[in-house]
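Listed below are the structures to be examined.
Across the two complexes that follow, chain A remains constant while its partner is chain B and subsequently chain C.
What follows is the complex of A and B.
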């Protein structure tokens, strides 16, 4: 109907439709440009300068100097290592945990909605609140929640640790709380994926002689492939953006054991006023996330279902 | 190869009794069709046989073994689903090989069996294609292949042809009949399509509201329907029904409705006597082919009775003409020869084949 009218009125109608489309999309495009496009371009430009807010020296163009410096910086290198460890642990662990939870919560059981809500709740809690709760759990000395629990389990043999301020346990502590906080989100996505699998496939497989585990391997996993890829991708990106927990609980310490790229970036800009350096870090951060994303999509590309 | 017994099987969903005391014995190698309108519970029965639905009461035996608590995977039953339920992430080969892999059969043997089955179904060229790229008819074939390749004790079909277009459905019907002959396997087939049911089955089970209305060979059911429901459900176009007064006239019994009169010999229809005496009505059932156009003498049929009807409209189908006529204020469908010239509004003298008449009690619905 629309297209036939467009034809009979010649190009005018079509141009009007295009104008309408642009008008409708306008506010969103404007927002994207101002709040994402512009800052990103500015970051790229700043990263090539010596811009420092409290510096009396004039701002100069310095090419890739900032990038060299960033790479030479021990703190940033450690941040990259930490982020990589964090992602390498969290992505498989959290994805598996989310799938396991989703499988548990996908049963037709009375009161299931309550369990689903409980497991999803940490996602909507503000990180500050969660950090405080975990600060209590990880509290040092024999009276800390986790320490006293471990003391009880080991019948008094456990040596109480200061989890958040011990270089060997600090990152692990951050990982634990991050999984607890984030797994609900991935679980919901997994749950949606599970519910999209037709029940008849399981019935057909059961008739074909597949037991519970075989049905999981041959029906659930292949059917969940795209969902799992998506969850892994999102988790990876979120893992590289790790910041809040670190900022609130450890300030990157002890001895840089928990510092992250985001943390270093924020510190460079807002603590040391070193805008150019921070900009270089965020550009690097962007490149890393982009590379990981492209890599993951490429690895998962074969057999990808487009429907 | 299997013998199947359903003994007083019942299914209750919530407060809803879907199946009540269902008894059925299927002999080894038999092709039994469960037929009934949608919602009559026939698919539920099939799913209970498969083990996909627990029984509320009763027992199911396969080869004499009670299987109530045997999970579906251990029942050695193959099922073809209405929407085929192929594994969308697998190729045709993998779909067919799946059950064999689950049974840990070695690879060369799997390949051999899949190829052999694929050949009988004309699927060889499709073996490498992903199953979700197939057309409906092809998917149907693969679903069939997936069932056959296993060589199971029992085949279950849940309306497997209802998603296919008419031409394909006829082809697959013929193919299934051929397969049943060559495999000599026990098959239970659910459909709401009475033509399908008639043409394929060794035995037919007509179901309504979870109750068996009649079990029998297709022609037996067609010619001697046990009740009004079966009479109306089996046969296309359906049987014509006329409810009549029953009047005794000496040696004869007269069935009347308005100006329609049918005179029967009381001796031939002994059951009618009591209806006449108690002044009760009966329902006459006449199939569309139970009429002969008067003036076209048919020497092979005797015992005819003449009635006059007015043609309302006709449906020429090529192989025959269906004419809907007015008789005593009721529409009646009759079958006419394809070359017969008839126009709406025309008066037609018909001869009724008295021997073909079916009589039913209007209260119980049972045949007399």
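What follows is the complex of A and C.
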């Protein structure tokens, strides 16, 4: 991206510019501090105490006790594993799918807006609604939507599964519905990225005799690199926040196969009234997501230098 | 185009606001408003409570009952959040055993001095037992619950099962296992028992902790409510949960995602509560049997307790809230609700009048169980943790988790919570008032 550097005017004007900048950024910075900075600081403080939800007992300071407990908790460890699997599957898959869809929908075709709307629609549906729809799709027994479809495809050989309550399929089921729901959002960003690529590049390439594949590899991909990195980053963060589907469909089960860090946190606070434990989980969770994000940024930057 | 859209949105929103205000109108200034929360489970219950509120509001000119309905699934979470936020209503219904936690925290007013002696004498002992915490009455239900096995007579007779009619005659666990295996052999898909796995949350503790007690275990040591050690992970509890796990392993359990396994004739037995009686009766007619739960070794046990009303310490006019509660406990009103949800009426007069529960009536077994072998869930402020842990335990065991490890872990969590809360000590009144603020 090209940035036009501000030329140095007189000192007065510069100060005025700075003032304007702060004024413009002010509301956002204020919002960040109040709604993200402050709660996070509180979470750090809470995690070092015995704070319970609405308890009449006095709050005590207990050092890192909550963190020891969280680490010793099998549920939390399994949640971390599940989140990692979920992110590891969903980030490449959803990013690729979004790019593919965007390419497909980036053609000057009549009625394209309708297709785009259709693919984007799941994003604006509330997750609760989607979860219920998928509960019907994944219904067990030969009459379940997916089961009966597979029975039809396999000519009756398929053994009907209870997808959401089978430890081997539950997470996969959650992943499937999450991709279906989320891919439209990434697709729109990719689409915007595609449309920002100058048509001249393609024309030049065509004149040089590059075929479709070559144009994709040598023009589209390099031009889309920032968009793809951004999409992958956002998807990772969203993947770690996995909660709604799990809460509605599986409650973390069967046998913790679909539990997630967010789910464990909410349960600690609202079912077990243990605010301190929930706070400790959120703090750990924040560290993990931050690390992953920084790592991802760093890896992406490295590549750019090689380029 | 854009301006037109803004206009439309504006009109729609404005209309919504106007209509919203319209709905609030009947609030007359001379009346004192009592905010009431009620859970919505079955549609019939909702209809009755709405009707009762409407009639009560019309019948007098001092009290206006402002009813809010909240879905059952997350009801307790909502109440908990409201309590934390000091936004409790004046009067609300609570799912039985959560009461003790709210009472301990000082969110509820004792009702002892508000209830008329006439009503006190009328209430079933199980209602008083369930509503009492450390010697004071905090809640009154207008109905109690009945838990048992609903049987499909045709299917049970096909395997010539003995049909018990009282808790003393309950099937022994060996007999019950035999019946399941016999039924499984003649059943189309082998799934013969419905444990209402489609339910969530409190159901698991309500329905399956009596089995623990019947085998000699429990959720917590009730002597002092300080530990679950050796009780929830004792040999008796392990044996009982072992039976449940074997039923899942043998595929006797219909997981019942559509809630129709019993009414759709897919299973012979449904481990369920009174509330399904109307629907089951309609589906099976004279083939429907009401049976006690199996005896896991120390006599058949069953659950008790249901939703019950409590007045919050936020309430400025407890006498007025009580007036509405007394109205709900009039025999005709108790019967109206009990007829709608099939529950055991909470007062003696109402039971005598009930076509379902009076002696000789089809659900008399449930009324009898409440006097005989029903056990209240642990009356301790630790209950929310205990039940959340047990729900997880049951889910884990359903999917084949190692029972000993699962129960040991459960005991650790429960005991740690009790220790964290210093054993949930009794707080004196002044402390409680401060806690409530």
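Please note the rule applied: the second predicted complex is superposed on the first by the 263 of 307 C-alpha atoms of A that agree within 3 Å, B and C clash if a C-alpha of one lies under 4 Å from a C-alpha of the other, contacts with A are read in each partner's own complex, and residues count from 1 in each chain.
One rule holds for everything that comes next: a contact is a pair of C-beta atoms (placed from the backbone, for glycine too) under 8 Å apart; a residue touches a chain by one contact, two chains touch by 3 or more.
Keep in mind it's a predicted model, so treat the numbers as computed, not measured.
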| item | value |
| --- | --- |
| Chain B versus chain C as contact partner of A:208, first or second or both or neither | first |
| Partner chain in contact with A:169 - chain B first, chain C second, else both or neither | neither |
| Partner chain in contact with A:267 - chain B first, chain C second, else both or neither | second |
| First, second, both or neither for A:223, with chain B first and chain C second | first |
| First, second, both or neither for A:148, with chain B first and chain C second | neither |
| Comparing the two partners chain B and chain C, which touches a greater set of residues in chain A | C |
| Contacts of A:84 with chain B and chain C, given as first, second, both or neither | neither |
| Which of chain B and chain C A:296 touches, first, second, both or neither | neither |
| Doubly contacted chain A residues - partners chain C and chain B | none |
| Contact footprint of chain C on chain A as seen in their complex | 50, 52-57, 69, 74, 135, 139-141, 162, 165, 167, 251, 253-256, 267, 270-274 |
| Residues of chain A defined as touching chain B within the complex | 198, 200-201, 203-211, 214, 218-219, 222-223, 225, 303, 305 |
| Touching residues (chain side chain B, partner chain A) in the complex | 50-52, 71-74, 77-79, 81, 83, 85-90, 98-99, 102-103, 146, 150 |
| Partner chain A, residues of chain C touching it in the complex | 77, 80-81, 83-84, 104-106, 200, 255, 257-258, 384-385, 388, 395-396, 398-401, 409, 413, 416-417, 420-422, 427, 431-432, 434-435 |
